[in-house]
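Here is the structure we will look at.
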Amino acid sequence: MSYVRQMLDSYSPALAVDAGLLAAAIDAASDCAQACAADTDADLSEPNLAEMVTCIRLCLDCTDICIATAAVLSRPAGRDLSAARLLVGACAAICQSCGDECERHAHMPHCRVCAEACRRCDRACRDLLDAWH
Amino acid sequence: MSYVRQMLDSYSPALAVDAGLLAAAIDAASDCAQACAADTDADLSEPNLAEMVTCIRLCLDCTDICIATAAVLSRPAGRDLSAARLLVGACAAICQSCGDECERHAHMPHCRVCAEACRRCDRACRDLLDAWH
Amino acid sequence: MSYVRQMLDSYSPALAVDAGLLAAAIDAASDCAQACAADTDADLSEPNLAEMVTCIRLCLDCTDICIATAAVLSRPAGRDLSAARLLVGACAAICQSCGDECERHAHMPHCRVCAEACRRCDRACRDLLDAWH
Amino acid sequence: MSYVRQMLDSYSPALAVDAGLLAAAIDAASDCAQACAADTDADLSEPNLAEMVTCIRLCLDCTDICIATAAVLSRPAGRDLSAARLLVGACAAICQSCGDECERHAHMPHCRVCAEACRRCDRACRDLLDAWH
């Protein structure tokens, strides 16, 4: 069991949402931030650099938004729900765009792995938004 | 003139928005992130700690969202506009909530300064959103 | 296998270090950032708030340093090794301090879990530093 | 006067260092993070992309380390000084490397501005380290 889930179970704030959904979103956003940071580096090592520029740009934004999302979701007590909803929506949106772009380069293993991480985070964010509504 | 404005003027990407509005939002988000980080520390130094908990929680979320917003806005070329709009909306929302809470403690100079930083960032984000629509 | 390890295996930059050690440090820093963010929130929910202030302060610094460390380590190609070494050293140092403080509150399950995350990250950073020397 | 200096003056923690030096380092790190994020974007817009890869890599690390440094320095009360020293040292080191690389491209206005931001942050970090010793 991840630390995230253990933490959520250990102090039981009023989550206004299932702890499993919340933990899944935190883990997915944190993993996606790492995958996108690594994919940026891998993209920069490719010979056909000009074709990777859009992928790099999306990975950079995806990293930053995923990091903020994981941090904000990790502090569930006394949350400002309207800001959190917009942030999780932004995270789903950038993961969708970044996942689409990475999939176009899926013949490169680093982009295929990154696309997977983006898809999982996109889904986890949308599941959380559904549960919040 | 801030580095931000000099950078935007120096390479002129297709901004889809006035460079002044964009630079104002980047500067305001960056300043607000700093003010909120410092206000967290100042709140934790107050004797009436229980009264500061909501303020601390909002400042923490505000810091993280402002940092992501400043970073994403600083890379305007080839932007995914739908994700950026949601992120800037989240930034305005958390700055409004955090500014409201800090204003309730405006007799403490550190919360008064932080409220100012939140108000300025809230406004700059909303100006940018208006221009994007 | 984590995304991190898959990414490192997929494009094989000249790592100047064993990929397993590097992946372990990235995963540990990313997990520790999440645990510390959640522990901050849990600490703020405790009734004896005054006793938690040192723990909150250390968790905040630990979160920020772990996030930077995970991001920088995730981009291994063409690294500036002198800056990376100091950063990983800072990460080990804050994880040690934060782990010590969390251990003092180990009767609270959230601090016990956070102490574990800090210990693991401290060790992974020191293993990486040993391998780099 | 920046928000940072107003914040530091407003609650007067035991800083163990001159408030002006501390505020200068926070402002310089925050400005440098923004300049490096913008320079990454500008570099990615250059036609001779292969020549910009080292600059992009250094700017990415510099952004992340500067953000962590600004955040940690903004919370001066009750600081873990050994971790902070290593972090500020890492910040000076990456600013030096990134400034050197940007200076090699100083015929591009965006790299010239970024080099300035790196130099200022490098100096502010070293001044702070000198005062801490």
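In order of appearance the chains are A, B, C and D, and numbering begins at 1 in each one.
FYI, contacts are C-beta pairs under 8 Å (C-beta built on N, C-alpha and C of every residue); 3 or more make two chains touch, one makes a residue touch a chain.
Predicted model, so just to flag it, every value in this text is computed and none were measured.
Peer 1: Looking at A-C and C-D, which one has the bigger number of contacting C-beta pairs?
Peer 2: Contact tally favours A-C.
Peer 1: Please name the chain that ends up farthest from chain B once chain centres are defined by their CA atoms averaged.
Peer 2: C
Peer 1: CA centre of chain C versus CA centre of chain D: separation in Å?
Peer 2: From the centre of chain C to the centre of chain D is 21 Å.
Peer 1: Any chance you could list the residues of chain C touching two or more other chains?
Peer 2: Each of 40-41, 44, 53, 57, 60, 67, 71, 75, 77-78 in chain C touches at least two other chains.
Peer 1: Considering the complex alone, what residue numbers of chain B touch chain A?
Peer 2: 53-54, 57-58, 60-61, 64-65, 67-68, 71-72, 75, 77-80, 82-84, 86-87, 89-90, 93-94, 97
Peer 1: Applying the document's contact rule, which stretches of chain B touch chain D when the two form their complex?
Peer 2: 2-4, 6-8, 10-11, 13, 26, 30-31, 33-35, 37-42, 44-45, 63, 67, 70-71, 74-77, 108-110, 112-114, 116-117
Peer 1: Flag every residue of chain A that touches chain D in the complex, lowest number first.
Peer 2: Listed in rising order, the residues are 40-41, 44, 49-50, 53, 56-57, 60.
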